[in-house]
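Chain lettering (A, B, C, D, E, F, G and H) follows the sequence in which the chains are written, and residue indices restart at 1 in each chain.
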Amino acid sequence: MDLNEIEKIIDAIKRNELGSGEAARRIRDSFYEDLGYARVDHSRASRQGFPEVVFGKGKTRAQVVGIVERLLQRSANLLVTHTDADTFGEIRNITTDAEWHETARLIRVVREPADRGVGTIAVVTAGTSDIPVAEEAALTAEAMGNRIDRIWDVGVAGIHRVIAERELLRQARVVVVAAGMEGALPSVVGGLVGVPVVAVPTSIGYGASFGGVAALLGMLNSCSSNVSVVNIDNGFGAGFVASLINRRWEPPVE
Amino acid sequence: MDLNEIEKIIDAIKRNELGSGEAARRIRDSFYEDLGYARVDHSRASRQGFPEVVFGKGKTRAQVVGIVERLLQRSANLLVTHTDADTFGEIRNITTDAEWHETARLIRVVREPADRGVGTIAVVTAGTSDIPVAEEAALTAEAMGNRIDRIWDVGVAGIHRVIAERELLRQARVVVVAAGMEGALPSVVGGLVGVPVVAVPTSIGYGASFGGVAALLGMLNSCSSNVSVVNIDNGFGAGFVASLINRRWEPPVE
Amino acid sequence: MDLNEIEKIIDAIKRNELGSGEAARRIRDSFYEDLGYARVDHSRASRQGFPEVVFGKGKTRAQVVGIVERLLQRSANLLVTHTDADTFGEIRNITTDAEWHETARLIRVVREPADRGVGTIAVVTAGTSDIPVAEEAALTAEAMGNRIDRIWDVGVAGIHRVIAERELLRQARVVVVAAGMEGALPSVVGGLVGVPVVAVPTSIGYGASFGGVAALLGMLNSCSSNVSVVNIDNGFGAGFVASLINRRWEPPVE
Amino acid sequence: MDLNEIEKIIDAIKRNELGSGEAARRIRDSFYEDLGYARVDHSRASRQGFPEVVFGKGKTRAQVVGIVERLLQRSANLLVTHTDADTFGEIRNITTDAEWHETARLIRVVREPADRGVGTIAVVTAGTSDIPVAEEAALTAEAMGNRIDRIWDVGVAGIHRVIAERELLRQARVVVVAAGMEGALPSVVGGLVGVPVVAVPTSIGYGASFGGVAALLGMLNSCSSNVSVVNIDNGFGAGFVASLINRRWEPPVE
Amino acid sequence: MDLNEIEKIIDAIKRNELGSGEAARRIRDSFYEDLGYARVDHSRASRQGFPEVVFGKGKTRAQVVGIVERLLQRSANLLVTHTDADTFGEIRNITTDAEWHETARLIRVVREPADRGVGTIAVVTAGTSDIPVAEEAALTAEAMGNRIDRIWDVGVAGIHRVIAERELLRQARVVVVAAGMEGALPSVVGGLVGVPVVAVPTSIGYGASFGGVAALLGMLNSCSSNVSVVNIDNGFGAGFVASLINRRWEPPVE
Amino acid sequence: MDLNEIEKIIDAIKRNELGSGEAARRIRDSFYEDLGYARVDHSRASRQGFPEVVFGKGKTRAQVVGIVERLLQRSANLLVTHTDADTFGEIRNITTDAEWHETARLIRVVREPADRGVGTIAVVTAGTSDIPVAEEAALTAEAMGNRIDRIWDVGVAGIHRVIAERELLRQARVVVVAAGMEGALPSVVGGLVGVPVVAVPTSIGYGASFGGVAALLGMLNSCSSNVSVVNIDNGFGAGFVASLINRRWEPPVE
Amino acid sequence: MDLNEIEKIIDAIKRNELGSGEAARRIRDSFYEDLGYARVDHSRASRQGFPEVVFGKGKTRAQVVGIVERLLQRSANLLVTHTDADTFGEIRNITTDAEWHETARLIRVVREPADRGVGTIAVVTAGTSDIPVAEEAALTAEAMGNRIDRIWDVGVAGIHRVIAERELLRQARVVVVAAGMEGALPSVVGGLVGVPVVAVPTSIGYGASFGGVAALLGMLNSCSSNVSVVNIDNGFGAGFVASLINRRWEPPVE
Amino acid sequence: MDLNEIEKIIDAIKRNELGSGEAARRIRDSFYEDLGYARVDHSRASRQGFPEVVFGKGKTRAQVVGIVERLLQRSANLLVTHTDADTFGEIRNITTDAEWHETARLIRVVREPADRGVGTIAVVTAGTSDIPVAEEAALTAEAMGNRIDRIWDVGVAGIHRVIAERELLRQARVVVVAAGMEGALPSVVGGLVGVPVVAVPTSIGYGASFGGVAALLGMLNSCSSNVSVVNIDNGFGAGFVASLINRRWEPPVE
């Protein structure tokens, strides 16, 4: 919540310039806009200095486009995840700044780039098939103002591959690791670095991988204490958490 | 790995002062000490500037005490988690600096306190029964040089309780949230703050809570993007990750 | 069972106007009509004063249409759930009163509207993607004679959105809450109101949401005591239970 | 929240009789009292006209007694669930009105009985072993001002037993059904009555009953549309929901 | 194994008319014919007096037709389950006695009908959608020489429907019950009859039915002691077991 | 239901010798006796010609003894399963005919032995540890008037052991097979005999046996079509079903 | 790692012919080639004397072809698993030695055949539907220089079929067994031979086979001690492990 | 089966020195001895040249001792696993050669040591807590005539620990790896060696380790192709399989 705005309304109450009903309505409106099928949140991005994000899956194309249209009126930067090329086509009609990223199936609008990170974020995959999820993390973190080092295909069956990248890993303020199958890579990476590791299990595998559950359990039970975990295939969440960890931080002034 | 030490050995190889076999042995020894039943890692703590940690469960008391003895010879600070009062009694014989924390079932030795955090860490519980796990997180983070704000019993069934603590939450650089049952609190807290939330599901509940699985799944599926998760009842891990997020960071010089 | 009808048959037995075999057959026939593939229940609706309901999935189109035809001969109101537009086309040939609801994939016939509720029913969703399930609940409850307040997209990650609707929630005699992912919204709503909350988990989510299981478990473990739960995506059941709670009630006279 | 009290504080703000900081503190205090390990909620009961409830499991005895002491200062009626006879002994020292119910392992204080129900609540079990859970539901509902009809041991393997009680079931405004094993009884009862059925699965059974999961799944998939479900062994929750359904209801005046 | 044939071979060994190698080969050949991709068992049907059965799923069409061709040379009766109309087309070219059953997706050849049952077999479904599985059971049992009573759509939500068929159920030597969703019908039927009930869970349902698991667990935990269970959707198995129970039995003479 | 008794009451109604209320009460009483905590069923045994059975687990000792006392007044034969030696001590005070079977933890009273089976029942175990469950099946079937062949410890890892017992297996009208771990024995036995096999998984095993789930799944997926399954460790159920299969059967006269 | 190559580099360091940076780069390059989306490992095959393997699923066709192209420049033999005929078409353009195996969906290039096995490998299936997985194992083991005995369709329901092949099984140094449904065959085979059995569960089955989980659990709980298990449908892994067991072994000289 | 013995019996049949019945009995007796509760297998060990093994759990102490007594009459070497010190006390009375291994809870009798392995077996653990399971594997393999290298506590969080032991690992003909928690070590070890890796998951861990399931799934999904898996905590099985892989092998002469 934007406390300054609220404080002004309270002052107006005190000065008797504002009735209770009207005051309540104004406070509510400052938070979000109601489209009927969605409440578009205009305060979150300004609150956190980050782009707005729309999760595309489960919404109709018209809903996605409608939300995007409203968000772009107030927000410079935006991500649409879990979407498709046709939706991109319609959004391209609204703003020519939109980019389509096929691998990650993600639309990105960055009209006001910024450098908000104290260090780099290393994004690592165990295999080639994990790249789409990792790329979603990397694109998200870039949109949130971070420099990224991409390190693909360094799974633990050839342990020398990840050890060879140790120097690059150690430059990072935070590491994102995407892995399917047994999900062992975050534990190994976690032992090589002294910073937080955000592990994202992928649904890559078959049989007893159970759509990523094996990797998820492996990561939750990691013997490296610096590992925390997000949902299966949640590249966006991993990139988001990593960005928050990497950002230059000062206690909020309210 | 301590690169300086390795570099010295490599220089000695170049100067022909050191044979290959002896060089290999020295490099190996710089990493850990072999007690037979355990390889005590002398490099991890110095590497990361953090206390050594012994996970007590699954080891015999003699093993725990043996490992602790060795670690205390080189490390000022130490945690023993998942342990008991009798083990504490024996460790008290080794060092009088040891403290016993009954609620978290944790032994702590802090002989060289430090202030390593850029902000405070808020540790939050949904209910009274979640306190032991949360306390483990808080004690860990304190041992790693952080200031903690403890906020107990603010579960979502009385949403005004957590909203009332919003100011305190917003002062934090990172928030740890421990919750059992439906595990909904991290999502709500995640929406109130703009920093990372480390969620730790607890095994509190019965029936379809399945020993913390319901809370774990709730947290993994959080609609707040700033939430990452550690294992059920892993208060130590949550405190450890939160400490890494909160520490003053500079790129490692190797 | 319609006791009056049975009593008449018993009287006829006493008066020796009716043989045992014939009596048995008549009693049986008063309950349902046997179409071969289905036993159409003619007594349930009259018993409960509610519309007949046909669950479309798993039946052939011919079976659905056949059952509907028979039911419409005795019942004024009717719902077909989990169906499709082509089935609607055929039912439209039987009665022009049929309406097609695309979002909820539901056919509705309300030829005798009624107002049976003591208050309103609030139907709430956590996100935009939960609307189809919630809409099934709302349409069902409307068909059963209730006034509905629809409150869409007030998930817990932006807790101010649901708090802003507190007044509307408090006017309700019962609240239906549809949520996927972590399924936390019923707990929060449950804490805001003093009436029953019927929680319906949706299959919205991915990865460790396991098709709605995470939301289901979250709701079953709700720390709000006024929450009860129906099956994943069972919007119809939620609307039905909510209608029974909201109806004006008198002890049955038999 | 008690709106009247808040309104008075707001009026005081307007009259400049109250500073912002003091106002905030007073509003917060009206909600709950902070015991350190628990936030005792003083507004919930008054809000809902129901007894306070303490869930005993997972809290130390001292914590339970401390919370009870505070609650009894403001609330006439109280339940402690999942507790034991020794805790009862200590609470008996605080108030001689406390009753101990061995079967349900529940302490009850009812100093201000009331009749709040529009009808009776039928509480039904499938077997003898389900009685403790059902009794918890019945005692809860009694404490909330309802008349109860207890119908024990009418499981579906002897279908004539439940059919024989049809008259009693039909007098009820709401039915609670506790069943373990296959959990089929709520479906049968649901077909016999036209009111809501609150199903509570019990952990009675062995092998593939998985501690009540089989019964839980059976109830969630009930083919009777008037069934909703609470957590395994959650007799309290079933009694609570049933009481809310049965209470005489008027829209809240705020 | 056909002991007479083996005995003859042993006698031939004793009379030195047969070498060891040749004897072994002959014994082996009497059991089955090796098609490369399948070992066609020529002794099973003669051993048990039942038709040969081919499970179509997971085999190529050519494999199914090849096996059928070989079996029909020695066996009068045959079933192909989990197959399709095109396979039927090819088998029709081999024998014009083949019948196609669309509902059960089953091909049946009965060239030597027999009456082998001591009583009738009742086959019962809870709903209309369970008919395909039940029909597979009924067609199997008919092919094995039994008279069948089909009782469709008598699920427990309308308990009077199954009670109305009590007379028919009591004529049966064994009852097959197919049910999805909560799978409660076998328990009720089990209580109404004094003969074995073979329960077959179906995958009918959605959400927490988990493709028939809820029904399966319900049936395994049945409180009626006369219920045993086969795999989800295994109508064939249910019909086969029921036929074995119903057959006129004499101890085998070997 | 005992139709003769009911018919007499109906006749009395016709002759006006009996009022409706009294008639209803008499009919109900003929079914069971209500002990408060249990409805003792007096008609089931007479209906099926079998002993009464009390499941001991989950009932207090006083409840078990109370139910037994009532049953023994009307029933000659009785089983108490899942019970203990102390309960046996108290039941011994009621009847000296009671036997205690330590291995199966079962009390048995057989005052009227009978020979009701058309053949023998073979009861088979895979290992020594499965004997308690198998013994429960065997004792049950003996109490129901069957001759039993016990075949212990013939698991599939030494396939010659079960093949060596083929003759004995072939004499049986039905085979009960108890197996833990991978639960493969029923499939092998099923292939050796032409009669129904009742498979009972046991909880014997560790690790991925999951308390009998691995064996249960193995049996449900048996490639032998004559296998049906009861709950894990349900020796009683297996013995009961086997007895029903083996009994001399005639269509009920009603 | 190829120690000789490394040793040469170390010698060059000692002779001051090589700077540290250049030395590090050379060592890294000797391990793998970085294609951007994949790190092609050039040392694994030479290390183990086996063909390179590419897992096709989850990679784009262009990625698979690119990796294959690079591998074929240094490696004589190669497998591509989980691939399709179109990919084969493109690889056929690179090398005419490529073979397409439709059943196993596998591409094989064997330009330098070898005989590396001490004995034969028997590959066994329970049913016809398990052949694709078994064929993947057989083709892999052939490519690794082994002679194979294929034994198809000898599942345990006709136990004489596998016993008849005992001689062939006993000639093998290691046995691979592929089975779906209850997965019992490895236990039986394990009891017949004195060599390791590599069990591979297949996803063949339906209902409670849960995509191969039932077979997997059966194999993990095998009562035959010589059984170890690979992932569901992992024919390649089974063939690979069997080849390593069968190869002529000498301690590596480094 | 001991073919020589059988052949002699067949010769005696041919010479008419032996009747059929007597011949059958003799053949059967050569396989095992029936103790009533167990069939003691006298042919397995001689068949495979390995010690007899008794699994202690689930058997009474008297049963274990009885079986051991019988086995020691014919077999020089013997293992009792999952047993206790008191059982050891009784077995010590039978043979003074018995050794008690507390860590592994295993009794071992080796009266005829042998060296049967072509190389060494490396047994590796991830942590100190995994030692009991690993020790069971090592003791089993020793009893089967192998030399063992024990490598304890080299989990992947400190990857330099396992890399430091690479030389020792490469000397092994087969490697056993015991690991709990995320079970990642077999994948790393598998990448370092060119021989089979037998992975044994342990139940070490808590929360989402689910008693070893997380480790089991990790190992089944290993990206190293040379890994096969045994049951959770099945150290005996791992040692047994490793011994079979390591033994000097010649095709059986029958």
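Note that a residue touches a chain if its C-beta (ideal position, glycine included) is under 8 Å from a C-beta of that chain, and two chains touch if they have at least 3 such contacts.
Every value quoted in this text rests on a predicted model; they were computed, and no experiment measured them.
S.K.: By mean C-alpha coordinates, which chain is most distant from chain A?
M.R.: F
S.K.: For the interfaces C-F and D-E, which has the higher count of C-beta pairs in contact?
M.R.: More C-beta contacts join the chains of D-E.
S.K.: Distance from the CA centroid of chain E to that of chain H, rounded to the nearest Å?
M.R.: 41
S.K.: At least two other chains touched by the same residue of chain D: list those residues.
M.R.: 127, 158, 207-209, 213, 216, 220-221, 225, 231-232
S.K.: Write out all the pairs of touching chains, ordered by chain label.
M.R.: Here the touching pairs of chains are A-B, A-C, A-D, A-G, A-H, B-C, B-D, B-G, B-H, C-D, C-E, C-F, D-E, D-F, E-F, E-G, E-H, F-G, F-H, G-H.
S.K.: In their complex, what parts of chain B are in touch with chain A?
M.R.: For chain B paired with chain A, touching residues are 47-49, 53, 118-119, 167, 170-171, 173, 194-196, 198, 216, 220-221, 225-232, 236-238, 240-241, 244-245, 249, 251-252, 254.
S.K.: Residue numbers of chain A touching chain H in their complex, please.
M.R.: Listed in rising order, the residues of chain A that touch chain H are 126-127, 155-159, 163, 181-184, 187-188, 190-192, 205, 207-210, 213-215, 217-225.
S.K.: Which of the residues in chain A come into contact with chain C in the complex?
M.R.: It comes out as residues 1, 28, 31-32, 36-39, 41, 44, 57-59, 63, 82, 201, 203, 211-213, 216, 231-234.
S.K.: Which stretch or stretches of chain E touch chain C in the complex?
M.R.: Spelled out, the residues of chain E in touch with chain C are 127-129, 131, 152-154, 158, 160-161, 164, 204, 206-209.
S.K.: Using the touch rule from the top, collect the residues of chain D that touch chain A in their complex.
M.R.: Listed in rising order, the residues of chain D that touch chain A are 10, 13-14, 16, 20.
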